[in-house]
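What follows is a group of structures, each given as C-alpha cells.
Two complexes follow with chain A in common, the first pairing it with chain B and the second with chain C.
Let's look at the complex of A and B:
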C-alpha cells in the first residue's frame, strides 16, 4: 500500500462475517483516509452492504477489527457508532414514516440528549434545535418539505432525508448505501453536488454504488469486492482496466478451443 | 352527586390512568402489551400487603407500591428487548397469567380468597368520603395526563416514536432502543401502580380474579378504540367502555360481546381509533383542506 501522509479515519482489518456456512466477508482490509470519498463496488452479493453493517454496528463480525480514529470500535451497537460520528443511509429507505421530515431529523439531532435522563424529558421542539435542523434541511434541499409526513415523500427525497438524518449526528464519516439508485438524472446530479459539498466540509464519505459513471466521477479511491474478498483497489482509472474486475463483472474470457 | 355516580366516576378515573399508562407502552413506544392488568395487580397487591401486613401509612405504602410496581414492571418489560410484535403480545399474555397465578396460589398474598381490610385514605382523623376519594382520583388522572403530555413532546417521546416506526433506523441515529423501551414500561407500570393503589383502597378488598386477562384486553380496547398515541383517545376510550355497560344495563351479560364487537368494528373501519391520526372525530371537526 502507498504510504499516505493523511490520517486514516477508518481502518478495517481482516473482517470476516460468517452466516452459517456462507462467508459473506472473507478477510477484508480497508483503510479510509480522512476527508476522502471512497467507493465500494462489486457485483450483487459481494458483501458490500454486509461491510457497511459491520462498520455501522448492525452486525458483529465473526472475526476482525474495525478502528475508528485509531480506536477499536468492533462490535459496538449502532447507537454507539452514531454517537462517535458514523452516520449511514440504508439501501432500502427506512424513514420514520409517521413522523414529519423535521421530526425525522430532530430524532437524530437528539442523539446528544438521549443518554441523559433529565435532558430526555425536555421539550424537543425548541427554536434553537429547530433552527439547527433547518440548516441541515436547507443543505439537503428538504426545507420545502419539512412539515410533510416522511412516508408521503417521493423516493428521491426520502433518500435525502436519510442523508439529512445522518448529518444531524454531526458525523465525521457518512456511509451511503446505494443512495443514487432509483433516482432520475437531475436528482443524481443534485445528490452528487450534495455529496461533494459535504466532503468539502470535511466529512469522509463511503459510497456503495452500482452506477459506475457516478462512482468514477465522485470517488478518489475505489475498492472492488467479490464473493466477500477485496479483489482490487485503486484510482478509478486503474480499476476499470483491472482484468480481475472485468472478470468479476463480465465473466472469464473463453479459453481457446 | 349520587353515590352510584361517584363510584362510577372513580372507576372511570382508574381506567383512564390505566389506559394512559398502557398508551405510553403501546401508543408511544409501539410495544404491544396484552398483560397490563398484571401491572395493575402488582400495584394493588403491593399496596394491600404494605397496609394490611406491615401496617404502613397510606402515603408511604402508596409510594412504595409505585416503586415496587415500576421495579417489577421493568423486569417484566425485559422480554420486549428480545421479542417483537406478535411474540411480544403472546409473552405479555403469559405474564398476565403468571402474575395472576402467583397471587392466587401464594398464601402470603391471600390466595384465591384475596386480601381484605385495605384501608381508605384519611383526612386528619376522618376517613375520606367518597367525594374526597373522587377528587383524589381525578388529581391523579390530571397528573397522568400531564406526564403523558410532557413525555410526548420530550426527546424521550420523540425517540419512542422513532423506535415505534423503525427500530433499526432509530438505533442508527443514536437512539438506544432498549433504554427507551424500558423507560416506556417503567412509566406505564407507574401509572398502573397508582391505579392499583386507588383500586385496592377504594374497594377495600382485592382478589386475583380482578386482574384477569379479560381486564387487560379491556384496557387495550380503551386505548385502541379511543386512538393510540394521543392523550384524549385513551381517556375517551376509558370513559366510553366504562359507561357503555352502565347505559346498557339490561344487556350487562353481553359486556364482553360489546367490547369484542366494538373492537372488531373499529379495527375494520377506523383502525386508528376515534381520536387517532386521521380518526373520525378529527375529520368531523376540522374542515377538509382543499
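Let's look at the complex of A and C:
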C-alpha cells in the first residue's frame, strides 16, 4: 500500500465502537503517515469525534486496535496517551477557566510534570518551564494574554489555547476537532498558518473539519466517514469528485440505486 | 476582652478550616459530599489519643494520626467512592453517610462510649498577652492549624500537584487528555484532606480534652455549612469561611450573649449567605 519511505505514526485497525445497539464506528481502518496533515470529514454523526475519542483514550473501542509508532496502545487511559505524545483539542473549547493562560499550559506539561509522585510536589513555576511555555505561547500568538484568566479570552484565542496546551505535551501527533468552527475569516487564516507551521516542525496533524475549503487547502489526504464506515480516502481533488462522498453529503440522485 | 475573643475565635476557626478544607477538596475533584470525612476526623482523634497515652510523644501522635487518617481516606475513596462514581451523586452520598455511622459505631464498640481525655500535663503552660491569656493547648492548636494550612497553601498554589488538582477539579476529562492521571490526583487529594481532618480531630481532642465516638457529629454538619459559605470546592473561600464562623461563634456568644445555641450560628450564617450570595465567598477569588 504505502511506500517504505514514509513511516506510519498512527495506525487504526478495524475499530468498532458500539453504544448499546448503535454502532458509532463500524470497522474503520486508517493509516496516518508521519508528518502528514490528514483530514477526516463526514456528515454529522458519522463517528469522527468518536474516532478521536478512541485515539485519545477517552473511549475504549469494542473491537480493533490502535497502533502508535508501531506499538499497540489500544485502550490506554487518556493521560497515558497524552504522555506518549498524542495531543488533542475538543470541538467545544474547554480551558481550565479559572487558571491563567500560563497555568493552563503548565498544567498540561505531560511526562515532565507528572511522571513521579514525589516530584509533583515541587514548585511548578520554574524558569525553565516558563521559558518553554513562553515559546509555545509566542508560537500560538498568546503571549500578550499570558497572565489573563482563560475564561476571559475571546473564542479564537481560546481555540489557540487548546492548541497551546496540546503542544505542551510535546506531541508527535495532534488531533484538532473542528478547531476552525465559529472563527472569523482572518482568525481562520491565522489558525491555518499555525497548523502549517506546526506541521513543518514535524508534528503530524489530524483534522476533523466541516469547513471544506480549509480542509481541502490544508490536508494532503482526506478520509470520509459516513455512518461509522470509511467510504472514501484520497487526495482532496479525488475526494470532492467521489460519487459516494457526494451522495453522503447531498443524498442519492433519483432513479439511481 | 476583645483580644481574648479574637484568639479564641481564631483557634476554633483554624480547626474548622482544617476539617472543612478536606471536605471542599473532595467536593472539588469528585463532586461528592463526603460526610464520612467527619468519621476520618474521629479516627484521627482516637489514633492521636492512644498514641499519646502509650508513648507520651505528641509529635508521634500527630504524625500517626495524620498517617492513619490518610490511609482511611484513601481506602474510602478507592473502595467505596471510586466504584460508585458512575451513579448519580445521591448514591455515594448515602454510602458516605453509611460509612460515617459505621466508623462511629465501630469506634464505640472497640473503645467504648465514654469520653476519654489526655493524660495530665499536656501543654499546661499559660501565656499572657496584655489582658488576654493563651493556654498551652490553645497556642499549640493555633500554631499547628496555621502551619498546616500554610503547607497546604504551598502544595495547592505552588506545586505541580496543585495545578493538576485545580485542572482535575475544573474538568476531569480534559485534565486526563492533558496528561494528568486523575485517579492519582484524587487519591492524593483524599490523603491530604484526610490527614488534615485527622490533625483537626487530634487538636480538638486536645483543646477540649475529650475524645468520644460521637465527636464527629457536629463537625460533620458544621463543615457542610462552612463549605457552602466558602463556595463548594473553593479551598481558600472555605478557609475564610471557617475562620469567619469561628470568630462569629466566639464573639457573638462571648460578648453579646445571644440566646442561641453556639452550633446554630454556622447554619444561620449559611442560610444568610445562600440568600444573599449563593456562590459563597468564592466570588472573592474570581479574578477578572
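By our rule, the second predicted complex is superposed on the first by the 249 of 257 C-alpha atoms of A that agree within 3 Å, B and C clash if a C-alpha of one lies under 4 Å from a C-alpha of the other, contacts with A are read in each partner's own complex, and residues count from 1 in each chain.
One rule holds for everything that comes next: a contact is a pair of C-beta atoms (placed from the backbone, for glycine too) under 8 Å apart; a residue touches a chain by one contact, two chains touch by 3 or more.
Predicted model only: the values in this text are computed from it and were never measured.
Superposition note: with chain A as the common reference, chain B and chain C are in steric clash. Legend: residue contacts after superposition of the two complexes on their common chain; A:106 is shown touching both chain B and chain C.
Within the superposed three-chain model, A:56 lies in touch with chain B and with chain C [touch as defined at top]. Looking at the shared chain after the overlay, A:169 reaches both chain B and chain C. Looking at the shared chain after the overlay, A:82 reaches both chain B and chain C. Once chain A of one complex is fitted onto chain A of the other, the partner contacts of A:97 extend to both chain B and chain C. Judged by the touch definition given at the top, the superposed model places A:125 against both chain B and chain C. Contacts of A:152 after superposition on the shared chain: chain C is touched, whereas chain B is not. In the superposition on chain A, A:217 contacts neither chain B nor chain C.
Chain A residues 56, 58, 77-79, 81-83, 88, 90, 94, 96-99, 103, 106-108, 110-111, 113-114, 119-125, 165, 168-169 lie at the interface with chain B in one structure and with chain C in the other. For chain C in complex with chain A, the residues that touch the partner chain are 155, 158-164, 166-167, 170-171, 173-182, 184, 188, 285-288.
Against chain B, in their complex, chain A makes its touches with residues 56, 58, 77-79, 81-83, 87-88, 90, 94-99, 103-104, 106-108, 110-111, 113-115, 119-125, 165-166, 168-169.
Interface of chain B with chain A (complex): residues 150-151, 153-159, 161-162, 164-166, 168-177, 179-180, 183, 277.
Those residues of chain A whose C-beta lies close enough to touch chain C in the complex are 56-58, 77-79, 81-83, 88, 90, 94, 96-99, 103, 106-111, 113-114, 117, 119-125, 149, 152, 165, 168-169.
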